[in-house]
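In the two complexes that follow, chain A is the common piece, with chain B as its partner first and chain C second.
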Partner chain A sequence: MGKRRPVSYYLLSLFFAAFLLFLYGPMICVYLLSFQGPEGGMSFPMRGFSTVWFETLFKPGGRGVGDIHNSFFRSMRMAAIVAVLTMLIGVAAGMSFRRRYPGANFVFYSAITSMVVPGILVGFGISLALNVLGLRPDWWYSGIGAQLTWSLPFALLIMFIIMGRFDRSYEEAATDLGATSRQRFQYVILPLILPGIIGIMMAGFTSSYEEAARGALNIGTGNTMPMELTALLGAATTPVMFAIGTLTTLFMFVTVIGTLLITMSLARRRQLRLVAQPA
Partner chain B sequence: MKIDVDFNSKKVAADTDGPAASPEAAMKYDVEMVSVSKVYDGGAKAVDEISLRIPKASYCCLLGPSGCGKTTTLRMMAGHETVSDGDILIHNRNITDAPPAERGTSMMFQSYALFPHLSALDNVAFSLKLKGVKKAERHAQAMEYLTLVQMEALAHRMPGQLSGGQQQRVALARSLITRPKVLLLDEPLSALDPFLRVMMRTELKRIQTELGITFVHVTHSQEEALALSDVMVVMNGGKIMQAGTAREVFETPGNSFVAKFIGGHNVIERDGKTFSIRADKCRLIESAGGQQMVATVTTVEYQGSQVRINLRSDSGQDLTTLLSDTRYFDDPPKRGERVIMSWLAEDEWPLAAA
Partner chain C sequence: MAVGVSPRTASWLQATPFALIMTALVIVPLGIIVVVSFMDYGFAEIIPEFFIGNWTDIFKSTLTLDLYETVLRHIVIVWAITLVLGFTVAYYLLFHVRSNFWRAIFLTACVVPFWTSGVVRSVSWVPLLGREGLVNQALMGMGFIQQPISWLLYSEFSVLLVYVNMLTLAMLGPIANSMAKISPSVIQAARDQGATEWQTIVEVIIPLIKPGIVVGTIFVVTAVMGDGFIVKSMSGNQVNTPAGAIMNEINALQYPPAAAKSVLMLVIVLLFVGTLLRFVDIRKELAR
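And now, the complex of A and B:
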C-alpha cells in the first residue's frame, strides 16, 4: 500500500486491456447484431431492436438457416461420444505411463506428433486411406476416429499433469492395506482425480464440437455444426447467423458452468458429510 | 532409573551373522534378513548384503545418515521395493517375494498418505472395506483403533482438518487395524515439531508395548533411536555398521563411524590406534595418571543441566566435553582459553577403522 507501482505495471495492464478488447469486442458485436431489427443487415448500424432472427432460426424452413438444426444435433451426438471415448482412452493411456514399458516413448511422441501435424492433412490422409481400402466414410467410425486424433493427445497431456501431482504413496498405502489394482483405482485413484477426469471429458467435448479440419472429409453425409456454419457464412445474407452465434455461445457457457457446478458440488458433498456427522 | 534396569536385564541378541541355525532358534525372531541386497538398474547398490535378526516384540530402530539404505531396507520388508538378492523372513516364513498385504507387515508412510477424500474413520476402516466387511461392523472396529490412538473424538474429520500429530495417529490406527505382525514406520516423527516429536515418541513406545508386536522405525535422529530402541541398527553406505541394544551401541561403538554418528563421543587417533571416549567422561583438569590433550576452547553451549564445550586440540582435532552445570560454573572456561582435556585410560574404547 502507498508504494508506487512501476511503469511496467501500467504498460502490462494496458496490454491486458487490449487483449480483452480483442477477445470480447468482436463477440459483443455478434451478440448485438443478433438483435438486429427486421429491416437490418449484416453490419452496423442497428435498425431497431428485435428477436426476429431468433424466431427465424426456430421457424421450419427459415431463410438462411440451412440445415443448422440437424447439424447441431449431429455435432452434439459426436461430441458426446468423443468426450466419453477421450475420457476412457485418455485415462487408460495416462495410467499406463505410471510404469515404464517398452514403447512408452513411441506412444508419447506419436501422440504429440498428431498435435503438430496440420489437422487438414490428418483428415485428408484418413480419407485417402479409406478410399484405398474401399470404405465409405461415416460419422460413427471415421468421423469419430478423425476427431479422436485431435482430442486424445490433449487428454494424455492433461493426465500427465494430473498424475504428476498425484502422490504415489497413496497407491502404496492402498496396496499395503490389501487393495487389488482394481480396488486401488476404484477407491483411491478415481475419487482423487475425478475433477481432472471431468476436465478431460470437457476438453474432449469442446474439441469435437468445434472441430472441422479433421472431421470434414470423414463424416460422410450430413454436416456438423462448424461445417454448416462455414457454409452459411459463405452465403450469408441475414443476421440469423448472429443469432446462431449468440445461442451457441450461450450453450457452451451453460455447459462449462454446469460442469464447474458439478465439480464444485462433488467437493461440497465431502464437506456436507462432515457437517452431518459432527465430531 | 527404571529404564536403566530394563536395559541391563534385556540383553538382546541382535546378531548379524547369517540365518538361524535351528527352527527353534528362528522362532525367537519376528524379522530375519539374510544377506539382503538392493541393486538399482543403474548398478548402484543401495543395500549391500545386510543380515539382521529382530527378536520377538522388540522396538527396532534403523538409524543412519540420508542415503545409507535404511528406508530401502524398510521398503523391502514392506514389499514396496523388490529384493535383488537374499531372503526376508517374518515369523519364520519367507516373504521375500510376497505381495505387501500378505507379509504380516503394515507400513506407516513418512507423509502418512492418509486418503484425503476419506474421513479419519473411513481411512482406518479402509482395509476392512476392501475385505468386504459391512459398514457398521467396520466402523465399529475402526472406532476401537481410533480410541487406541486417542483420536475417537475426531473420527469424522477429514485428513485436511487434522494437525500433523493427529494425522499421524490416524495413520497409525489405519496400519494397526490390519493386525500386523510387524509395523514398519518410515521416519514417523520427522514432520512433527520438537515438542510433539517427544510426545509421539512416548506414544509409539506405549502402543508397541501394549500390542506386543515388533516395530521397525527408520530415523536419522540418534536421540530418537537411543530413546526408543530395544534393537538399534546403525547403517551407512548400504551396510550395517552395528546392531545391538541402544546401550551397547552407545557404550561400545563398533567403529569410528558409529562413535561419531551416535554423538557424545570423541574419536581420537593416537599411535596409529583409534579409540573413542565419551564426551561426558572427559574433564578439563589435569589428572594424575590420566590421559590428556592440550586444546583451545572454541565454543561453549549451555544446555541446562549440562554444558557442552567444543575444543580444538593443538593437532587440529575437534573435541567435545560435556560438563555438569555445577562443575562448569565452579571454574568456567572461556572461549579461546587453552585448557587440558583429560580422561581415564579405562574409559577409552578401542575402535576398528570404519
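And now, the complex of A and C:
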C-alpha cells in the first residue's frame, strides 16, 4: 500500500462528510428544537432554552401529546413479543436449511415474497382474511402475526449469513466425540451463533417498533407508536413532537448500546474460556 | 439421529412454524385479495357476486396510468441517486478507509439516525425546508434570493429528498456487503497492470458487486412502490401514487376496487423482483 493518499481520498472524505451532514442535519434540528423555549415554535430561531416540552410530555393531559404514553407501552409490548417469536421461529427455519429437503424452496420464496410485497397489501390481505372469517382484529394475534410477516424474512436472511460463516468442522468434532444432536446444538452451535441470534432479536424488535403498514389495520383498538405519531403530526403546532423524537431516540440508543455490550461480553467470555482450556 | 427422526423430518419440523405463518398470513391473504377483486360492493360491504367492474374501472380512466407514471418517475430518480450515493460511500469506506476501527465507526454512524422513528425523521425536515426554515433563512441572508423558495417543502422535491434520505442505506448495505468480499489482491493486481482508479472501479469492482446492486435495487424500488405515507405527508397531500390510492380506498371501506388495484401492484412488483432474481442467487450470495 502506498503511503501517500491519492487526491480521490480527500474528495471522497469530503463527500462522506457531506453525506453524514445529510443524514444528521435534520436529526440535529429535532434534538435542538426539543429544547426550544416556552415561547418558541416548530422552527428556528430558538427562543431561549428550556425543558418545558419534555415537561408537557409527562404532564397528564399535556397539549399535543395525545395517547402517546399508552401507544409507547403498546408498541414495547408488541416489539418484545415479536422479537422473541422472530428469534425462535427464524432460527429454527434457518437451521432447517442446513440440509436439503423438499419444500425448502417454498419456505425461501414465501419469505422473499413477504419481504418485497408492499406492506399495505399484506396488511390489507390479512384484514380481508379476518373479515371473511368473521374475526375481529386484536393486537395479540393478528397484530403480532402481521408484524411477523415483516420481521421473519429478515431473520431468515440473517441466518443464511450466520450459517455461511459457520465452520462445520466444530460440529463434526462434537459428533466424533459422541455428542447427541441436542448436545451438539446446546454446547457447540448455539454458543457460536449467539451474537447473530441476538442480532436477529434486535432486528425483530426494531422492525416491529417501526412497522405500521402491515399492523395498522390488524391491531384492533389503540394505536402503536408510528400510528400515534402520524396522527399527532397532522395537528402538531408545538415542539412537543420533537421532544418525543429526542426521548425515543435516546431510548433506542440505550437499548442498542446495551445489547451490543451484552453481545460483546458474551463473545469475550467465550474467548476467555477457549484460552483457559486450550483444545 | 439421537431423537429418532430422519434428517428430512427434522428440517420439516424446524421450518413448519415459519412456513405456516407465511402461508396463513401472506400467501392466503394475497389470494383472498385476488378473489375479492372480482366481487361487487355496496356501502362498506363486500357483496359476494362476480363483478368485473373493479378491473374495467382501472383501465378505463387515465388515472391509473397517471399514478404509475408518477411512481415510476419517483422510482427512477430515487434509484439513480441512492445508487450513486450508496456506491460512492461504500467505495470510500471499503477501499479508502484503511483502519478497521474507523470503518466500523463510520458504518455505525450511517445507521444511528435510523434509531429515530421514521415519522419523526420526516417531520424533522420541516424546520429546515419550510418557508421560515433554515435553508430559506440562509439563502436570503446571503442575498441569493429575495423571497423564500416555496417548493422546498410539501412538494415533489421534499418527497424525493426524504426517500433518498431514508433509502440510501438500503442500497449502501448490500453494496458494501458485496464489496467486502472482493479480495484486496484482485485490486492490487489491477493496479499492478497499470489500471487507473477509475478503470479499476469500472472494469473490476462494478462487475463483482452486481449481486449487491440487485439486492439494493429490490429494496429501494419496492419501498418506493409501496409507499403511501411519505408521499402524502411530505407532499402535503398534493402528490398521489398507486399505493396512496389503495390506502384511500381502504380507508373509505371500498375493499373490492382497492383489491383490484392491489392485485395490479402485486403483479408488477412480483414480475420485477422475479426478473431481477434470475440474475442473482440471493441464498448463495448471502452464505458466501
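We take it that the second predicted complex is superposed on the first by the 265 of 279 C-alpha atoms of A that agree within 3 Å, B and C clash if a C-alpha of one lies under 4 Å from a C-alpha of the other, contacts with A are read in each partner's own complex, and residues count from 1 in each chain.
The rule we apply is simple: a residue touches a chain if its C-beta (ideal position, glycine included) is under 8 Å from a C-beta of that chain, and two chains touch if they have at least 3 such contacts.
Note that the structure is a prediction, hence the values are computed from the model and not measured.
K.L.:
After superposition on the shared chain, which partner residues are touched by A:Leu135: those of chain B (first), chain C (second), both, or neither?
P.N.:
Touch partners of A:Leu135: none, neither chain B nor chain C.
K.L.:
Looking at A:Leu261, would you say it contacts chain B, chain C, both, or neither? Reply first, second, both or neither.
P.N.:
neither
K.L.:
Would you sort A:Ala173 into first (chain B), second (chain C), both or neither based on which partner it touches?
P.N.:
In the superposition, A:Ala173 contacts chain B only.
K.L.:
Does chain B (first) or chain C (second) touch A:Leu157, or do both, or does neither?
P.N.:
second
K.L.:
Check whether chain B or chain C contacts more residues of chain A in the superposed model.
P.N.:
C
K.L.:
With both complexes overlaid on chain A, does A:Val84 touch chain B (first), chain C (second), both or neither?
P.N.:
neither
K.L.:
A:Leu14 in the overlay: touching chain B, chain C, both, or neither? Say first, second, both or neither.
P.N.:
A:Leu14 contacts neither chain B nor chain C.
K.L.:
Counting contacts the way the document defines them, which residues of chain A are shared by the two interfaces, the one with chain B and the one with chain C?
P.N.:
Common to the two interfaces on chain A: residues 180.
K.L.:
With touch defined as at the start, can you tell me which chain C residues reach chain A in the complex?
P.N.:
1-3, 7-8, 10-12, 14-15, 17-19, 21-30, 32-33, 36, 46, 85, 88-89, 91-93, 96, 98, 106, 109-110, 112-113, 115-121, 123-128, 130, 132-134, 137, 165, 168, 197, 218, 222, 225-229, 233, 243, 246-247, 250, 255, 258-259, 262, 265-266, 269-270, 273, 277, 282-283, 286-288
K.L.:
In the complex, go through chain B and note every residue touching chain A.
P.N.:
Per the stated touch rule, the residues are 78-80, 99-101, 105-107, 109-111, 113, 115-117, 119, 126-127, 129-131, 153-158, 161, 174-175, 178.
K.L.:
Within the complex, which stretch of chain A touches chain B?
P.N.:
Residues in contact with chain B: 167, 169-170, 172-180, 183, 187-188, 191-192, 270, 273-274, 277-279.
K.L.:
Once bound in the complex, which stretches of chain A touch chain C?
P.N.:
Touch list, chain A to chain C: 1, 5-6, 8-9, 12-13, 15-16, 19-20, 22-27, 29-30, 33, 42-44, 88-90, 92-93, 95-99, 101-104, 106-108, 110-114, 116-122, 124-126, 128-129, 131-132, 145-146, 148-149, 152, 156-157, 160-161, 163-164, 180-182, 206, 209-210, 212-213, 217, 225-226, 229-230, 233, 236, 241-242, 244-245, 248-249, 252-253, 256.
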